[in-house]
Structure formats: C-alpha cells, structure tokens
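Same chain, two partners: chain A is paired with chain B first, then with chain C.
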Partner chain A sequence: MSSSDEHWIRSYGRDQFPHVLVVLGFALYPILLGVLNRTPVASEASAFLPGLTFMIIVLYMGLFAISFDFISGYTGYLSFGHAAFYGTGAYFVVLAANGQVPGVPEGMPFMITMFLGATLAFVVALAIGAVSFRLTGVYFAMLTLGFAQVMYEFIRHWGYVSSNPTEGATIPSGADMSIGVPFVDSLNFAVGRLSGDSFENVLGLGIDISATMTSYYALGIVVLLSYFVMQRIIHSPFGKVMIAIRENEERARAVGYNVFWYKMGAFATSAFFAAIAGALFAAYAGGASPDNSFYFLVTADALIMAIIGGIGTLAGPLFGALFHEWFEDILSTESDGLSTYLEQLLPESVLTAEVAGLTINDFIGTFLDGRAPLYLGIIFVLFVLFVPNGLLGSIRDRLGGTVSKRIPAALERYRR
Partner chain B sequence: MPIELATEVPLVIETLERLFQPSTIARIIVEGLGKAAVYFVLAVGLTLVFGLMGVLNFTHGAMAMLGAYIGGLVMVLSVSDGTDALVRIALFMVVLAVVFALLTGFGSAFEYSLIRPIYDRTPMYQILLTFGVALILEEVTRIVVLSQGIQPEPPWSGAMGTAPAVFTERYDILGAPIRGLYAFEIVLGIVAVVGVWLFLNRTLYGLYIRAGSEDPEMVEALGIDVRQAFTIVFGLGTGLAGIGGVLLMWDPLWGPSALLAIDVLLYAFVVVIIGGLGSFKGTVVAAILVGIADSFTTWLFATGIVTFTGLPELTIFGLLVIMLIIRPQGLYGVEEVGGH
Partner chain C sequence: MSFLELEDVQTYYGESHVLQGVTLDVEEQEIVALIGRNGVGKTTTLRSILQLTPPREGTIRYKGEEIGGKDTHEVSNDGIGWVPEERRMFGYLTVEENIRVAVKPDDDFEAQREYVYSLFPALDEFSEKEARNLSGGQQQMLAIARGMVGQNELLLVDEPSEGLAPMIVDQVVDALETASEDTTMVLVEQNFPLAMELADRFYLIDHGTVVESGSTEGVTADDERIRRYLSA
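Moving on, here comes the complex of A and B:
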C-alpha cells in the first residue's frame, strides 16, 4: 500500500496507527478516569466506566484470551484446557516467591521467575501436544480438557503447595513482585493489589500515581510486548502455515510442511504467553487458587472473550476482555456499579414500591447484582449465532482487511 | 527419596491382604457398580447425541442439574416425615417419568430452535453454542433457587433428605456395610441399559440412529428425515440427562446443586470418551470401569492406605488421559468420528 518513494518510518507508522491509538487509549484511560472523578458526572463515571482494578483484569485476562486465540483461532485446534498453562505460570511464581521451587533461590526477581514459569508451561505444552496432536477436532478439545482437569485435581489436593491446597497459596508479604529490568532497582516497579509501589508528586508535576496505577502500567507493558511478539509470529511465514493448517490441514501437509511440528510450536508458544498472563495475575492478586487458575471456567472466560472480541483476530480477544470486565464491573457492587448508582439515584419511595410483589430493590438484588455471567452467557450465545466473527472480525469484514491496513488508506482518501 | 523396602514391602502385602478379603471385594464391586449405574445414565444421552449428530452437547450437565432440582422440588413438596418408603419410591418413579418427558420436550425445542441453524458450521460452533446455553441455564437456576431461599451450593440437603430410610441405612453384605441406595442405583442402571439397548435395536428410531452414526448421507438418501431424527434424539439425550439428575438427587456424593452443571458434564465426558464417542457398548463398559476405579480408589483412601485426598477424581481423569494416549478413539470408538 505504500508508495516506493515514501520513507519507511512513515509507512511503518501508518501501519501501526490503530495500535498507537489503542495503546494511547489504554495509557490515558486512568488519567481520564481521574479527571472525570472531579467533575459533576463522577457518579456516572464510576458507575458506567470500568474501574482501574477491572482494567487490570482486562490486561492479564486479555493476554490469556489472546494466547488462547493464538492457538485456537489461528490453527483451528480448540485448546479447551488452556487454563492448565495459565495455572502453571501463576503457581510457578507463587511457589518461587515462597522459595518452594527446587533450584530457584528465594528472592529471585519476579521477571525471571515469570520467564521460568512460562518456559515450564512451554515444555508442558510440548508434552501435552505430543499426545493431543495425534487427534483432531472434538477429540483434541477433550484431550486438552482432560489434561487440564488432571492438573486441576492434582493441584487442589497437593499438600506441598500449602497447608490448605484447595484454597491455593499466597505470595508472602515481603516478596518483591516487580516488573522491570531485573537487578536494576530504579527500573523496577512493584505490582500488587495492595503492596505495589506508589509515587507521589511525580517529577514535581503534582501527579500522584497510586499502587493500582503502577500495577496497571507495569502489567500493560508486559501485555503489550507479549502481544507484539505473538503478532510478529502470526505475520511471519510460521504464522502463515498456522493459518494454512486451519484452512486445510491436508493441503498444508501435501505442500510439504511438517504440520505436526508447526502445531506443536504454535501450541507451546501459546502456552508460554498463557503462563505469562497467569504469572501477572498471581503477582497482582498476591496468590493463586486452583479455582481461579487451573479450573475449566478460567478457560471458559478466555473462550467467551475470544468469541466476543473475534476469534482468529489476535487483538480482538483484548476487546472481548474489555467488554467482559466492563460488564462484570457495572453489574457488581465492588466498585460502584449500576445497582449502587440506581440506589443512589432513585428515591426511597421508588425503591420500595412494589410491582407484582417485587420491589425495585429486590429486582436489583436478584437480576443485577453479580448477575454478569447470565447476561454474558446470553450475549455469548447471540454472538455465536449471529456474529460468529466477533467484534473485531466483523469490523475487518466490513472494512475488507485489517484495521491497520484499511483505516490509514481511508484517511488518505479523505485528505486528498 | 529412596524407597525403604523394610516399610514399603510389608505395606504392599498388607494392602493386598486387606484387598482380597470378601468384605473388601464385595464393597468395591457393589459400590462400584452403583456408581457405574449413575455414570452410565449420565453419559448415555451424550453418546447417543454425539454418535448420530456429531454434536458434543455441553448443556448435558446443566440438563442433569435441572432434572435434580425438578425432582427435588417435587419430592420436597409431596413428601412429609411420615411418608412410607414405598410411597417415596413410587413418587420417585413418577418424578423420573415427569422429568424425562419435560426435558425431552425442552431438549427437542432447544435443538430445533438454536442448534439446527448452525449444523453447516464447524463442530466448534456447536460446542460454543451449547456451552453458552449451559452457562445461561446454570445462572437462571441459581437465580430461581436463591429466590426460593435455597443456597445453590453446597447441595440442597432438603431434597436429599427425602430419600427413604431403607436407602440411607447400611446393610451387611459379606461383612461390608453398604448403603441401600447402591442396590437401588444398580437396579435402575440395569433398567436403563436394557431400555436404551431395546430402543436402539428394536425400534425404528434406534435403527435410524445406528445407521445415521455409520453414514448420515446414505440414510438421508434413503428418504429418511435425518433432521427430524436429530431433533428427537437430542430430546431423548436431554431426557436421559434429566433422569441422571434425578438419580443424583438422593446420592450423598452429589445432591442437587448448581455445581452439577459442570461436574456432571466432565464425568460424562470421561465415560463417553473412554468408551468411544458414539458407542453404546463402550459407554456401558467405560461406566463400569470408571465406577470400579472410583470405588477402589475411594476404598484406598478410606482405609488410610493412600492419604492423597483427591485420589478418586485424579484417577478418573487420569484414566481418561491414559486411554486417549494408548487408544485415542476409546474402547469401542470408530476412528476419526467427529474429526477435524
């Protein structure tokens, strides 16, 4: 699309234009939230915009969903046990922080244990893949699910993890979970829901950065880098073979590709980044439990995000995660959701008014509070039936190409 | 860690000695067959649907959950403390019939309205659709159950308490105390096996199913309305899941709870895949295998020989993995059914 006399930086920048927009959007969001909180629409903002804690979930669950899409959306092999890798990453960093991983000394920087955990997941995926890739379709999905369930049951009862393994393990309070360049203190930022670094009056500009914000930006950088690595792989010859396998595996084999090793490579890479997502989650949440890491429903969340965002689009699942968490946020009371807003907005007489034996209060409690899974399920089914390509996939269909290819071209047309 | 022969060998011998006592063997076999009966009823609907249509039905567990709750509701409303055991069992049979009819209708309607439009897509979309519907069913059940003041988890003890005393008491079989419920489950399991076998081999629709599993295009070419057969079989599979749910209602290890939606599904998958997706004979054999493995590992744990608490669950899913490694198509499965 670029003319030959154009400088490569310009054409590159134009290709990356949507990426820059999305990254800027994510980077400026906390500031926007902070500004809105000082305006008259503060209560609306906190009710209808996802809070920062939910945005952090968007980041690591988004990365997990992207890694799920990397294997399921691009090779067509539905990895139904993807939570196994997420859990491997999460448990590895938690156990390493407790000094419980043989060969990893206590106090090893988080960046290194995260990398080691991801490498372990890579190896585990090769082992699972060696067995599972003999099968296709439904059988592959079931086999990966079977492996994940074995790991789930094992970790749930493994006394080595903690004294109460069904509740999982926690990171000790003194442990340093920092994202940055290992061994360079000034380039490290501690993350964590409660224990992260916070900065006051940054550069004398009067800006305060809370611990949550530090975690948000630190996690965001890791997620961004991971995304670009996966994006590069998808756009490399390797990625083209992955797509060939999805479209017609027989033909890809007939053309001369050793499809087995391409599938193995894709699966292991996907597991690597799933484990990074798990490690980020564990570092931020300060621990991991079987039910929020190895469990089938964790894979299910990634699946929902990938379908809503657009399976086979790589970036789509991040938007799926954004949608998912936004929904969770406005329907929960954890950080001022819809129900809190309604309770403040509506006068007491309306709230207690009965309609067919049901007060508005009851209605809120029954159908809104924490009911996100119900509505997400309905939305998910509607997407499967009517929007099978998801949000980003449908946009691409409409534009006739990826957003980065089409938007700049469209802009160019308007400028002339 | 070196194995210390001085302590390990006597332990193995002692374990074997305890295992080969009549009371132990009786316990493992009777309990195992009771569990096998439950596993069979839970799994058979899934395998029928998959065999004919190639659809892996993720709503299966949610349907069993509905069955358990509907059954529990009827029992709780109609049973009082003084109700006679025979009356309770008769009521249970009525509940089985009602739930089967209700869920067969519900399943048929679901297939007709939602799954039928997407048969032409890849199998993945049928998994996704049924999975989404399962989520909705579970959430709706949670809302309804909570609005009646019952906690969706742990299991609803009120419904479990309607079991007649003859089933909750333990009876002495060759020196082993065994719960009466297991005998009841075995009887119902045998009835279910015979019933489904007769349906498959002695009825016209059974013939369609067997033929359709072999070659759906040929069946269609012979002038049989396969679509209609799909709807009916999907309904029957759902009805069987409901029956399985009713069976779980009195089982102290299960009981009606929202967790059934996923737990039943996972166990049914294990049985179906070990037996071979779509194979009736395989499902029977796999259910017995899984049931016996379950009761054996439960015994190992109960006697303190193994202290790892998750042993039964781990063994069951381990069996699945081992089977898929050595024989991916399952015991009696046909290779590449439901392939890519």
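Moving on, here comes the complex of A and C:
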C-alpha cells in the first residue's frame, strides 16, 4: 500500500493514525474535563462524562482486559483464571513495598518490583499452563479457573500477607510508588489515589496538575507501552501462529508447529501483562485485597470488557473498559452521576410525585443509583446475541480490515 | 524399502475400532489413491500417518524410519504435508499469511512464496485477502499450495474435489498434477474416475482393511472387484 519513495515516518504515521487519535483523545481528556467544568454545562459534564478517577480504572482494567484478549481472543483458549495473574502482580508490589518479599530490599523502585511481579506471573502461568494445556475448550477454562480459586483461597488465609488477610494488605504510607525511570528522581512520578505527586503552575503556564492527573498520565504511559508490545507480538510470526491455533489447532500441528509451546508462550506473556495491570492497580489504590484482585469476578469484568469491546481485536477491550466504567460512573453517585443530576434538575414537586406507589425519587434510587452491574449484565447478553464481534470487531468487519489499515486508505480515496 | 510403509496399522476412536490392520506401501514419486465408501477408514489412515490419531498397533515407516509415537509437528517437519478435507483454512489470516505460516522457520520464505505463486498465479492476485473470503476453489488451491511450501516430500491429500464445481475440479486436478511432479502423494478421493485418472496405483479399503489393490491402468468402476465394494 505504501510506495517505497515515501518517507518511512510518513507511512508509519499514516498506518498508526487511529492509534495516534486514540492516544491524543486520552491525553487531552483531562484538559477537556477541566475546561468543561468552567462552562455552563459543568453539571452535565460531570453527570454524563466519566470522571478522571474512573478513567484511571479504564486504564488498568483496560490493560487487564487486553491481556485477557491476548490469550483468549487470539489462541481461542479462554483464561477464566486470569485474575490469578492480576492478583500476583498486585500482591507482589504491595508485599515488596512492605519489604516482605525475600531478596527484594525495601525501597526497591516500583518500576522494578512491577517488572519482578510480572516475571513471577509469567512463571506461574507456565506452571498452570503445563497442566491446563493438556485439555482444550471448556475444560481448559475450568482448570485455569480452578487454579485461580485455589490461589484466591490461599491468599485469603495467608497470615504472612497481613494481620487480616481476608481484607488484604496495604502499601505503607511513605512508600515510593513512582512510575518513570528507576533511580532518576526527576523522571519519576509518584502515583496513588491520595499520595501521588501534584504539580502547581507547571512551566509557569498557570496549569495545575492534580495527584489524580499525575496517576492518570503515568499509568497511561505504562498501558500504552504494554499495548504496543502485545500488538507487535500479534503482528509477528509468533502472533500468526497464535491465530492459526485459534482457527485450527490440528492444522497448525500438521503444518509443523509444536503448538504446546506456542500456547505456553502466549499464556505466559498475557499473564505478564495482566500482572502489570494488577501492579498499576495496587500502586494506585494503595493496596490490594483478595476480592479485588484474585477473585473470579475480576476475570468476569475483563471478559465483559473484551466481549463489549471486541474479542480478538486487542485494542477493543480498552474501549470495552471505557464503556464499562463510563456506565458505572453515570449510574453511581460517587462522582455526580445521572441520579444526582436528575435530583438537581427536576423540581421537588416532580421528585415527590407518586406513580404506582413509588415516588420519582424512589424510582431513581431503585433503578438508577448504583445499578450499573444489572444493566451491564443485560448489555452483555445483548452484545453476545447481536454484536458478537464487539464494538471494534464490528467496525473492522464493516471496514473490511483493521482500522489502522482501512481508514488511511479510505481517506486517500477522498483526497483524490 | 518403500518410501512409505504401513504395516498392520490399527487405529481407534475411543472404543470404536476404525482401522483393523491396514497394510500398504507407497513408492517415491508415486500417486497412490485410497478409495472406498464413506466411513471405511480412508481419512483415518491419513490421520494415523500424521499421528493426529495415533495408531494403537502396527508400524508406519517413512523413508525407512519408524514415525509411530512421534508428535504431529515432528512428522510434519520430517516432510509430510497435509491437505485436509473441507480445506480448513486459517480463515482470519490472509492468503500470504497462510503461506507464511506453513513455511518452516529456517526455509527461505521469499523463494517459497515465488514457487507457490508460480504454480498458482491466481493466488498471487488474492494475496492480501483473508482466506475465509475466498471461493471454494481458491481455498482448495491455497490448501494444496500450503501443503507444498514446507518442502514436503510426501503430500496427504484428502477429498480435494469435494463440494467443488466441475470446472473448478479441473483446475484442482491441474494443480495436483503440477504438485505431483515434486512430491509423492497419497490421495483420498470419492470421485472414482478422478482418482483413477490421477493415481498410478490404488488401494481399496473396506471395514478398516485393504481388500484390493493394484495399478489404476484400465480400471473402471464396472470392474467386478471394485463394484462389489463401491456400490452401496
């Protein structure tokens, strides 16, 4: 498609055009939110747009869902125990921050403990895979789920983690959870819901960057890099063999591939990035508990995100995560959702009006506030039934190729 | 010593005893057809050679070496290619990627690609198309091409004419004849005249054993020993 006399930067830039757009969108979003907050539509903006704290969840859950898609969407092996790796990454950095990991001195930079945790998850995946890849289909899914549940139960009762292991462990205040280049202070940015770095009057431009914003950008860079590594693998010969295994494993064997080791490699790689996601989560949240890391419903969230975004599209799950968290946000009161908005918008007389024994106010409380999981379940079913390829998968089918390949070609046509 | 020798091969699917002692041999550069009714074990014979359904008893020697007990990918890397029934593409890979996947890592991909496109110029035209979007005939071409790029010396071809229009079948026959110049071939084919036209020798299989064999020279479906087994 690209002519050879064209400068490679131009042709690369054109191929990456949709990626650039998405990255720009994410990068400019906090600024957009900040601007909107100073306009008359401020209340609409905070009601209908996801807040920054939700966007941070989009980042790390998006990465987790992408890693789930890497193995499940590309080899066809559903990793129902993927939370085990997310949990491994999360607990590793928390324990390391507490100086509880043998051989890892207290004060080891987060970037290094994150990498070590991910490497541990890689090894754990090889162990789980060695057993689970003896089976296929639903049996594989059940075996991985079983392993994850064993780890969940173990971690829930492992006194070494903390005095109350069912509640998990926290990162001590003062621990340095910075994203950046290890050992170079000026290139490190502390992340955390409460303890992150904040900057006032950046470069004398009168721009303030809150701790949340620092975390958002710092996590965003790690997620972006992780995505690109996985994307390169998918487009490498190794990735083509993964797809061949998904399409027809028997045939892939008969072509001469030792599919067992390809599956192991793909599984361990996806576990590595799941652990990165878990580590980011723990660093931001300031700790981890069995129920928000090792529990099987964490995998279920990734599954929902992958299905909505498009399984087997790699980038799709990020959009699935965006949809998921946006929905959670507008249906919760945590950061001024739909119900808060309606309560402010509607006059008192309407709110207290009774319809079939319920006031409008009760109705909002019953059917909107915090009801996201209910509607997400319904949406999930609708997607499985009517949009099986998910958001990105459907767009690709419509375009007849990946967005990166098709959009520039389409634009080219219009330019002539 | 023959190129490929099967001796008393017994293969089961679970408890079902499908191959009840198949013995046959194939010489280098030969095309051998396996014929017989549906479900008598022709495809299972190919799957047994590939170790996709490993035999429980008997020996399979390829170029004098026992290959029973090897893994499928090892058998493949020994130079045995497979053109499966119903073609079974990697549907979401493009034509080119399908070929690339079939080229062994230490082979020269460019050279192999040129070779395939010179045999099947039609594939060159669709190289960027995903395999699932090809027509049946094009998919069959690709399946045969993919069986050939591994520098395979033995090609196991399963029902190449199945479900194809007569005109397309002619193209596939041409493709197989071209392929046979470089490789030995075991062909499973329901279309009796086609099998006789392509093959040098045939084995007639019934109830999991070889019941007749010989040269295809002058053999027609009216032949008494054939008709007995082929008519339903």
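Following the convention adopted for this analysis, the second predicted complex is superposed on the first by the 416 of 416 C-alpha atoms of A that agree within 3 Å, B and C clash if a C-alpha of one lies under 4 Å from a C-alpha of the other, contacts with A are read in each partner's own complex, and residues count from 1 in each chain.
Everything that follows uses one rule, which is that a residue touches a chain if its C-beta (ideal position, glycine included) is under 8 Å from a C-beta of that chain, and two chains touch if they have at least 3 such contacts.
For clarity, every value in this text was computed on a predicted model and none was experimentally measured.
Visitor: In the superposed model on chain A, is it clash or fit for chain B and chain C?
Guide: fit
Visitor: First (chain B), second (chain C), both or neither: which does A:Gly34 touch?
Guide: Once the two structures are laid over each other on A, A:Gly34 reaches no partner at all.
Visitor: In the superposed arrangement, which partner chain does A:Val241 touch: chain B (first), chain C (second), both, or neither?
Guide: A:Val241: touches chain C, not chain B.
Visitor: Could you look at A:Pro18 and tell me whether it touches chain B, chain C, both or neither (first, second, both, neither)?
Guide: After superposition on chain A, A:Pro18 lies in contact with neither partner.
Visitor: Determine, under the contact definition given at the top, whether A:Val259 touches first (chain B), second (chain C), both, or neither.
Guide: It touches chain C, and chain B stays clear.
Visitor: Who contacts more of chain A, chain B or chain C?
Guide: Higher number of touched chain A residues: B.
Visitor: Scan A:Pro182 for contacts with chain B and chain C and give back first, second, both or neither.
Guide: neither
Visitor: Touch test for A:Gly146: chain B only (first), chain C only (second), both, or neither?
Guide: first
Visitor: Applying the touch criterion given at the start, work out whether A:Gly99 contacts chain B, chain C, both or neither, answering first, second, both or neither.
Guide: neither
Visitor: Is A:Arg251 in contact with chain B, with chain C, with both, or with neither (first, second, both, neither)?
Guide: second
Visitor: Compute the least Cα distance separating chain B from chain C in the superposition and give it as a whole number of Å.
Guide: Shortest inter-chain C-alpha distance (chain B to chain C): 8 Å.
Visitor: Which residues would you name on chain A as touching chain B in one complex and chain C in the other?
Guide: Shared contact residues on chain A (touching chain B in one complex, chain C in the other): none at all.
Visitor: Can you tell me which positions in chain A touch chain C when the two form their complex?
Guide: Those in contact with chain C are residues 237, 240-241, 243-244, 246-248, 250-259, 312.
Visitor: For chain A, which residues count as touching chain B in their complex?
Guide: 76, 78, 131-132, 134-143, 145-147, 149-150, 153-154, 156-157, 249, 296-297, 300, 303-304, 307, 366-367, 371, 373-374, 376-378, 380-381, 384-385, 388
Visitor: Enumerate the contact residues on chain C facing chain A in the complex.
Guide: Touching chain A from chain C are residues 50, 52, 71-73, 76-77, 81-82, 84, 88-93, 97, 100-102, 104-105, 146, 150.
Visitor: For the complex, which residues does chain B have touching chain A?
Guide: So the residues of chain B in touch with chain A come to 50, 54, 56, 114, 117-118, 121-125, 127-129, 131-133, 135-136, 138-140, 143, 146-147, 262, 266, 269-270, 273, 277, 308-311, 313-314, 317-318, 320-321, 324-325, 328-329, 336, 338-340.
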